[in-house]
Amino acid sequence: MSKAKALSKMTTVGEVLEAAAEFDREAHSFYTDLIPRISKNIRYLVEDLARDELRHIRMLSKLAKNPEVAAHMQDEIKRPQADRKFTDAAHAPELGDNPDDQEVLLYALAREQIAIEEYSELAENTEPGLLHDTFQFLANEERKHKADLEALYYEIVHTAAAPLRHNRQH
Amino acid sequence: MRDVLSPFTAWKHLFREPVTVLDPLNDRPGADRYRGFHQNDLEKCIGCGTCEVICQNAAIDMVPVSDPEDGDSGLRPMIDYGRCCWCALCVDVCMTGSLTMSNDYVWADANPDVFRFTPGVDPKPWNEEEKGYQRPGARVLASTERVHMGERTAKDRIDNFEEIVAGYTREEAMIEADRCVECGLCVATCPAHMDIPDYIKAIREQDYDKGLQLLYQTNPFSEVCGRVCTHNCETACAARHDGDPIAIRWLKRHITDEVPYERYVDLIGKPEAATGRKVAIVGSGPAGLTTAYDLARMGHKVVVYEARKSPGGMPRYGIPEYRLPYDMLDRDIDVIRAMGVEIVCNTRIGEDITMETLRADNDAVVLSIGLHLGRSTRIPGAESPDVDTAVPLLRKITDGEEVPVPEKLVVIGGGNVAMDIARSMARLQQVKHGKVGVTVTALESFDHFLADADEVRESREEGIEIFDARGPQEIVTFKSGKRKGRVKGLRTWLCDSIFDDQGRFNPHYDESDELVHPADMVIEAIGQAADVSILGKDLTEALEWTRGRIRVDVDGQTSEPWLWSAGDCVNGPDVVHAVADGHRVAQSINAMLAAKEEAAT
Amino acid sequence: MFKIEPDRSQYPAHNPDGSCDIDLSSGKYVKIWHGPNHPGITGNMSLELTICGDEVVEGRTRVGYLHRGFEKLMERRTFIQVFPIVCRVCVPEPDLNEYCYAAAIEELAGIEVPDYANWMRTLILEMGRFNSYMMYLGGQSGSLGMGVIGQWTTYVRDLMLDRFEELTGARVYHMFILPGGVRDVLPDGFAARMEETLKTAERYLDDVDKVMFQNAVFNKRTRGVGYIDPALFDSYGVTGPTARAGGATTDVRRDAPYLKYDELDFEPVTGTDSDIWARADVRRRDTRLSIDLIRQILVKMQKPGEYFAKIPNVLHWKIPYGETYIRGESSRGEYGYYLVTDGTGYPRRINVRGPSYTHAMALLERLIVNTNISDVGALMVSLHTYPPEIER
Amino acid sequence: MRALYDRLKDRFQLGELTRQRPDLGFVTVGRDHLRALLVELKDVEGFTHLVLFTAVDWLEDGQFQLTYLLNNRATAQDLGVRLMIPREGASMDTIHDLWPTAETYQRELYEMFGIDFPGSPRVDEDFILEGWTDLPPNRRDFDTKEYSEATFAERAGRESHDPRDHMKQKLYPDGE
């Protein structure tokens, strides 16, 4: 994907899906790289996030292979406003060297927000039909994921709020 | 003559309709309030067994019907109609109003055993019958109203840190203790399984020595818990279904108030003979010191290491003195010391002594370090020097260190810690400026509020403003000028829903409802974290973790065979839960030491 | 009027210890059991009679057929647990037991009962008295062979039991007067239904007047029979209608007004002859008085209000040391509870003073001598005896 | 009531007057003065009606309390005369000659409490308990529950559970 094309007003479905996959691949490798560097007590968090990204990548590739979607790969669609944030985030994770759990979660939440906005806009820009449904689906997936992370954030950061009793392994 | 003829008046009755007729087809229902066969609303019944206790004919047995849970024993009354005298005292005394009597009274059967059944469980024709005897109005055989607890007025308490709650007098405590029905449903809910009905009975019998002994059998932090316990027991109290729950926490405190402190150690008794085994405990909060107390009483040598100036952990450094006077905490700690526990203060593990050293020098090590790191919202502006978190501030106040006291400040958070810091700062403001200027903004609405209702009420009495359902968006700072970078206020949005339909945290904000709460300082009181950095890299790596916390088994043992962990740092913040943890860990360590002893001989 | 005066000239005299040396082997005397299963006996009690011909030479009251040890039983029960037991001391008029016990507890524990509850208690006691008299009238006439009257009074009593049922939730043992108050307020429309019941009762009582009291047989067999010398009243603890039939004006409701009796307008019913007929007549008129009192009460009772006082938690109710005696006027005479507490949660001693205790033992044994065996039943019933009071 | 007490107090060496109600008082008297006091009350003071006569077992003190409750019909006042006698070999003077009806009370007290009244008619004749050989049953040391358990069979199959113990057993059996 050339820089020039990335800045033009229109793009193709294939490029959009490729950008999305790239977004997830970058994140996956970012989290995977972080795993050994992060303290063991919060490593589960990064491991979970890496697993989630991998799941997204698989989902996108499965989508691309869907013959019906594949038929639309060259369709032109309007490039979303959120796209710049989206592609930027794919390249430049702003996370320190030794992040704590809250930082990791805030970073992950911000990424989910970008992805939601991207897919929602794409869905809005497409006519009702297969593509519209696909982007809608992707936006919902990200929304669900973000909701999970929000709940986790509340549980971890607002400890006074939720005394955790699930640690005792019976 | 009249005497001879008058009797023939009787003859006129010959031609009258008979007044008694045999009608085998139609029921003759009992009166509306007839006391017939029992009915029991299984959903309402909590299996407290008060009906069984009051039955003067021993007609009622409590039989298992469902699994027990908090505040419900799962037992339900089974009635033997060979004994029932239909006096309905069981209905009158019923704590929930679940037990009633139908107006059905006709039932014939050749098998006598069927006249013993469990109302509400066994299908009977009268189960749905609406008429019959019900307790008219409220429970009258035991009082439904809690004895009022005296406390100092807002005016009297706002410029000092003196204890607010007065404590019950003997007369008041007797009246309150009299309300208990001794069902014991609370015992399972109390994390430490304190002998609640028994010590309340001791108050009724004015046997405070016995009461104190009962307290210390299960809780060496009775002074503390008598004041600041989360009192889950009171949410399981049978009395709460029809009136106020028994003031269990205040009654516990009353016992400690009544027994002269000099007598405590005598009443509790001496520890067992020394075993020669050594245990090190990191952190002198309720979990650590309860473990220490138990182990010391079992005869083991216990040393507790505390990073701060004084022992006590969260109760000292997290709870303000107006709720828990520190000399009361010291009384609890001194009893624990009297059992032979050594407490070494000003010693931070990981710096002064490593975990490795502790491991080498002891038979077991217990990690009970609590949650002493304050969490930050990390919203924009949170890095300003005028922003602080609650926990370190509370610690400074306890240690008498200087803290900034601006005229106007905002607290973010809706839990008890938020109330603690807000009320502490309000007092300091009152002393310094002669007025209170504290605003609390909580994400949760009052329907889902986290802080105790009493805390909210008392905060307001003290002039603290509380905004509920406000999501913090930005700590507004001066962008230029002499005060550049200093806090100007807190910008919040209305949080119109905080949980999604599955009850998960998923806040939704109404951006149009924006407020800026002016302040010179913002204190974040949203949550705490454990400082696990003291473990060192190797131990952190060696340990098993579960969702950010050290993984422990039911007995509090970690994946390392020499290390146990207890209290807030593994189970979240709760004093009495920490005490319960301490008991469990002590039992487990003692069992391990006994096994070692056996292997050695 | 004629009176049968005891004449023992032809029989052996009683010894100072009460015994009588009768030589059964002489063939002159026969010993028979009158009861416990005898239509002339109210409840389970028997008379051991020594007769000569058809004349009673000596009589002994024998009880113990339904001893349940109530007084002892109560000592094992908490104060509230005694409440369902007390009514069982007297089947036909259980409510007075409930009142006396509750009042004794309330006095020793210092509990003030709401005014409305006191009205309610007064009403219930009068309803109970009415029922008891209904049973008596049937029994008294039955003992003289007039079976039909018992059927009428049983019917009327049953109507009153309907009122009891709707008011208290039970027909026989009402268990309605709890220490502290009563269990509930009057049901809607109660007064109207009660008035209907009372009217029916009056109609039947008019018939009873004619068929029983204006009956030559009844008059012949009861006038002058079973005469109790008023001089003996205090020696034998004679109270209630039995005493009033001999001219005494003793009526606890008037002498020591309890509950709301001092706010009711009535005069104790008295007679003059002190024989079976006079006693029956006093009770007949006392029944009418009860009807009148029920009407007065229903008018004077204020609108439903508080009916239960605050009492300590009954599960650990302790009452400080003390003793008291609470009395009430039953259909048979002075009824009372002597309660001793010792500071524990259980009564130290409860002693029930039932009028039958004095009437049916020493007094009856004295009255029965020289009567005709066919009069024994009527005589005994005329003392209105309920054996459970004797052997609580 | 107070005036009456003051009149009699010294002559009969009465104990303190307990005024339970304006119309009900209790006094304690010694055995030597009992009969004279009762006669005085009955014949002079108008307390002609023996309401009841019973006993209270103060097992712990080794004493029986005898209560003679007298009623003055004219003034509607009651006076309870209390007398303490040793439980051991309990015996008291009969008053059946003052009130013939006392014969019944004394028969019952003999049977139910084992208190003897020598000279009282038929005092040792069975009253309620024909053929009873156990302890006098109204004594505090006679255990009715024990007696009933020994005499009657319990209904089979009954079992109850204490809520507290049941919850412990189900929820935290090891006490953890």
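In this document, chain identifiers A, B, C and D correspond to the written order of the chains, with residue numbering beginning at 1 in each.
In this text, a residue touches a chain if its C-beta (ideal position, glycine included) is under 8 Å from a C-beta of that chain, and two chains touch if they have at least 3 such contacts.
It should be emphasised that the depicted structure is a prediction, and the values quoted were computed from it without experimental measurement.
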item	value
Taking each chain's C-alpha mean as its centre, the one farthest from subunit B	C
Innermost chain by mean C-alpha position	B
Interchain centroid distance [CA atoms averaged], subunit A/subunit D, Å	90
Rounded Å distance, subunit C centre to subunit D centre (Cα mean)	23
Distance between chain centroids, defined by C-alpha means - subunit A, subunit B (Å)	42
Distance from the mean Cα position of subunit C to that of subunit B, given in whole angstrom	57
Residues of subunit D whose C-beta touches two or more other chains	none
Touching two or more other chains - residues of subunit B	554
Arrangement of touching chains [line / ring / star / complete / other]	other
Chain pairs in mutual contact under the definition given at the outset	A-B, B-C, B-D, C-D
In the complex with subunit A, residue positions of subunit B that touch it	371, 375-376, 378, 413-418, 444, 450, 500, 504-507, 525-529, 532, 540-541, 543, 545-554, 570-574, 577
Of all residues in subunit C, those that touch subunit B in their complex	77-78, 80-85, 148, 152, 155, 162, 165-166, 168-170, 173, 175, 178, 180, 183-185, 187, 207, 210-211, 214-217, 219, 308, 310-316
Sites on subunit A touched by subunit B in the complex	39-45, 101-103, 106, 147-148, 150-151, 153-170
In the complex, subunit B residues that touch subunit C	2-4, 6-7, 9-10, 13, 19-20, 30-35, 50, 53-54, 56-57, 85-89, 92-93, 101, 133, 136, 140-143, 178-182, 201, 204
List of subunit B residues in touch with subunit D within their complex	47-49, 52, 60-64, 67-68, 73-75, 80, 82, 116, 183-185, 187-188, 193, 197, 554-555, 584, 587
